[in-house]
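Shared between the two complexes below is chain A, which has chain B as its partner in the first and chain C in the second.
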Partner chain A sequence: MYKSFSDHLLDWAGRILLTLILGFLVLPFIVVFIASFNESAILSFPPQSWSTRWYVNAFEYRDFGNGLRNSLRVAAFGAGIALVAGAGFAYVFNRYDFAFKNTLNGILLSPLIIPNFTIGLGVLVLTAAASMPRNVWTVVAVHVIIVLPFVVRSVYVSLQNLERAYEQAAESLGGRPLHVLLTITLPLLLPGLVAGAIFAAILSFNEFTASLYVVSQRTETLPVAMYNYVREYADPTLAAMSVLYVAAVAALLLLVHKIFRLEKVLNVD
Partner chain B sequence: MLIDTAQASAQQTADAPAVRVEGVSKSFAGSVALEPISMRIERGEFLTLLGPSGCGKTTLLNLIAGFLEADQGELYIHDKPVTRVPPYQREIGIVFQNYALFPHMSVARNVGYGLRTRGVPKAEAERRVREALALVKLEDFADRRPRQLSGGQQQRVALARALVIRPRVLLLDEPFSALDRNLRAAMQVELREIQTSLGLTTVFVTHDQGEALSMSDRIAVMSRATIRQIGTPSEIYDHPQNHFVASFVGDANMFRATLLEAEGSDARLKLGETEARITSFQTDLPAPGPVTLFVRPEHCHLAEPGTPGTIPATVALSVYQGSHTELHVDCPLAEGGRAMLRVPSRTSVAPGEPLAIGLAESGAAVFGAED
Partner chain C sequence: MTKRPFLGWFASPSILIAFGITASVLAIVQYSLRAHVPGSIDPGGFTLANFATLWHVAYGLVFLNSLLLCIWTALFALLIGYPLAYAMVRARSLSLRSAILLISLTPLFLGEIVRTYSWMIVLGNRGFLNSVLLQTGLIERPINLMFTMSGVVIALVHFTLPIVVVMLAAALSHIDRNLERAATSLGAGRIRVFLTVTLPLSIPGVVAATSTAFAWTFSAFATPQMIGGGQVQTISTMVYQVGFASFNFPLAASLSLMGLLFAVAVLAIFNTGMRQLERHGAH
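Now for the complex of A and B:
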């Protein structure tokens, strides 16, 4: 197709602009990535000499190992509980009409408006007032509150896109409601459910603000452990940690992407 | 004595209609989707619900299937009340417009779904799935996924899946509307053959009048949430009972007229400047006054302009159809200002030429204003 000079100009201007924006977005990561290989114990930029010793340090530092274990546990339980509860809520919201539906919906979505530190503070005050122990389940509870709205949304949208005819066909063929739910509804919702769960796990894994209020030395999550580290040391270990962190989350996101392709395999797109 | 009674009641059940609808109605949030409707669907009958979009066809079908709960009225299947029976106990087969095949199951598992819910033993289930697939000529496709099939093939799988449970009634909601013309014609014939060979009571929804006329034992013509007429295709086409049915099914010429006097089925009408006498197929005619005169194009003929008892018009367009030519004429007396008649192809008429429409002695009807 014929393109005029001004078309070409626009084309190039567009590409340059896009590159600049993308560059701006990943610039902090690039800086951190480079800094993580700095030999010197002071976080200076650009580095004078190179080393991978901070990666070794990151792996050997005990609080990080402990934090990772806690974070993984909290993310798994938090996302799991949020998935079951969220899917149930979404199903009820999609299929039934009842009084105070809007109010309940508002309450469910309120964590989107209420900042994370408020949620953390609230749970802290509550557990203190009720003199309840603060253990790993407290952290899980806070994370469930934070990720639940996202799971409800994600499953609700999947449900809305699911045509009723599938379930009606199954019912007319003699399928009782529970049987239809297990053999038709859930399999057709599966990609949405798995994507929602992984999304929730990533949110939980990244959560810092609310966790800060409710963790103890024993239950601190990885982001909190990193925060505590940086208060004591100023070496590039944290830069190395950041790189590892991004790599792990990116791997998870790739998994999500795989699942979206799985959707095509199941023919429910 | 006891035996007599038992026999009589068995007799009664055998004669009972497949479906009996008694005063069933449905509203959604205050807007009426279905006025109270009563009708019978006989066993083995192919009944079509025909009507424009939004007239309540799907609503009626969903009420029979049990996906909707009637606001009032009672529904019987094989003479048993089912108004409060859930869909999974109604033994009804359904084919949806978009097929609704389960995408995560093979063709064979789709067809076998209704047998698994019934706990049919595996060997028997496999045999029945094979038979059902053979019935729709898809034996070789058992292991495919639905998305690997063409639209027509998916439609057949949907049919096989509904038939395999030996339903008491088969419901089809515009099943062929997504298919192209040739395939649709083929599927119409195939469905009708299968339906007749199984003696299956069938309720078929369409808004295609040609499809309704060619396939049905009886047609229920619906508009605005109610059934306007129910009868055999020829009753519906030849003897429509109201203005809506007359104009919705087939080509119709409608003329504004004044009914001067009526005696039995004979009517004297004032048509513009002239007067005409017709013999209606109706048994009772509306009261004298303003009416609509209904005549199919095949009951109209070309007449000399000015002949008494004919309707003046001018040719607007002539459309050659091979066996005949359709003359579309401008006619001040006709509703919408247009009428149509079919003339032999060798008749030569030029646009703008004045002519007159003559009426055959029978085949006409007059509808009062409220029809």
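Now for the complex of A and C:
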């Protein structure tokens, strides 16, 4: 197709704009990467000399190890519970009409609007008012509340794209409901369920604000441990920690992208 | 055989969670109506004193500050996110699309702490930006970005950009390209096609993205707390401060309750306004 001079100009302007925006997105991560190898405890750009000692420090700092263990535990239980509850709800919401269906839906999706600090404070004062102990399960409960809407949405989209004819064929051949569910519906939903669970686990692993309200020193999650570190020390240990964090999440996302294609999962295809 | 298999089994866990959410919100309402007993997390008798305390210029300014922060962040996130979403959806090369997708979405899964800390290193007085500007001689004295509204907005735009891009890309990818082709075949240039066809068709996505950017910014705590450093107060930092510095949980509860009502009201006004605008636009 013939392109005029102004079309070329527009193309170039678009490319420059795109590069600038992508640059804005990656800039902090490049900077934190450079800073993590800064020899001195005081930041300077460019670093005067280089060192990997902050990585050693990050690995040896006990609160990070403890936080990582807590975070993995909370993310596994939180995502697992949210997956079971969210998938079950998405299924009945998609298939049946029942009393208070929309009320239930509204309440379960409300954490998309209710700020995380309000959810954290709410659970904190609830446990205080009911004289309940605050332990790792309190943190799990907060995380389930926060990630549930994302699981519900992910499974609901998969259910809407599900071809009902397969289930109907199995039913007409005499398949009992549980058998149809386990051998037809569940396998067809599996990609959506796995994607939903992975996103829930990542969101839970990252959750900070609401956790801050309900953790104790023993149940502190990794983001809370990192926040407490910045408040006490100014050295680049947290930069090293951030680089490890970014690398782990990017690797996981790349894996998810290879298997599921992110644009499908996020419905932007 | 029942007609509706699994209904009870499948709905039960979510009903339990719904009760948990409701109970937490009710606990906040309950606490907001109780007196503060210094030195205890357990509240005293029923009172409206907390709301009277909030009826003060200082708290009004905090609400105003939060609102301004949300507006600026949503505005810039839209301005930057729209071209990015457009490029993501329309890029012809698959590898470029994947690259844009991964770069814009990875931050979504990095949480507030890592991203905010990274911005602290960029924006600080001895940080990356000031070092570069000083060494190239563009400025003589470091620009103060830490502990300022601008610094918080920059980091918050970075924080909300990925979700804004996802929502805009979803809207843009569902636009029927034949409408654009029709406009082109009738002689419209690319800019005109964009302004008269693509942009208007993507408005519902823009509205949804704005609402989400608003809700995310309103909910953000680590960014205003760490970059604002006490100089930029928002409802989220104020609730934490009242709760954990003064241990006045009844006041923290009433503050977050008012904050929630405020956020819902602003979103309702915004959505109603946009619907009115759309209805007028349709004529």
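Heads up, the rule we're going with is that the second predicted complex is superposed on the first by the 253 of 269 C-alpha atoms of A that agree within 3 Å, B and C clash if a C-alpha of one lies under 4 Å from a C-alpha of the other, contacts with A are read in each partner's own complex, and residues count from 1 in each chain.
Definition applied: a contact is a pair of C-beta atoms (placed from the backbone, for glycine too) under 8 Å apart; a residue touches a chain by one contact, two chains touch by 3 or more.
Being a predicted model, the structure only gives us computed values, none of them experimental.
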Simultaneous placement of chain C and chain B on chain A, clash or fit: fit
A:146 touches, of chain B and chain C: first, second, both or neither? neither
Partner chain in contact with A:83 - chain B first, chain C second, else both or neither: neither
Touching partner for A:240 - first (chain B), second (chain C), both, neither: neither
Touched partner set for A:31, first chain B, second chain C, both or neither: second
Chain A: partner with more touched residues, chain B or chain C: C
First (chain B), second (chain C), both or neither touched by A:179: first
Touched partner set for A:223, first chain B, second chain C, both or neither: second
Which superposed partner A:194 touches (first chain B, second chain C, both, neither): neither
Partner chain(s) touched by A:163 [first = chain B, second = chain C, both, neither]: first
After superposition on chain A, the shortest CA separation from chain B to chain C (Å): 9
Chain B and chain C footprints on chain A, overlapping residues: 177, 266-268
Chain B residues within the chain A interface of the complex: 65-67, 86-94, 96, 98, 100, 102-104, 113-114, 117-118, 145-147, 158, 161-162, 165
Interfacial residue positions of chain A with respect to chain B in the complex: 163, 165-166, 168-177, 179, 183-184, 187-188, 266-268
Sites on chain C touched by chain A in the complex: 1, 4-7, 9-18, 20-25, 27-28, 30-31, 41-42, 80, 83-84, 87-89, 97-98, 100-107, 109-115, 117-122, 124, 126-128, 131-132, 158, 161, 166, 169-170, 173, 189-191, 215, 218-222, 226, 236, 239-240, 243, 249, 252-253, 256, 259-260, 263-264, 267
Residues of chain A that touch chain C when the two form their complex: 6-7, 10, 14, 17-18, 21-22, 24-29, 31-32, 34-35, 42-46, 81, 84-86, 88-89, 91-92, 96, 98, 104, 107-108, 110-119, 121-126, 128-129, 141, 144-145, 148, 177-178, 181, 202-203, 205-209, 212-213, 223, 226-227, 230, 238-239, 242, 245-246, 249-250, 252-254, 257, 262-263, 266-269
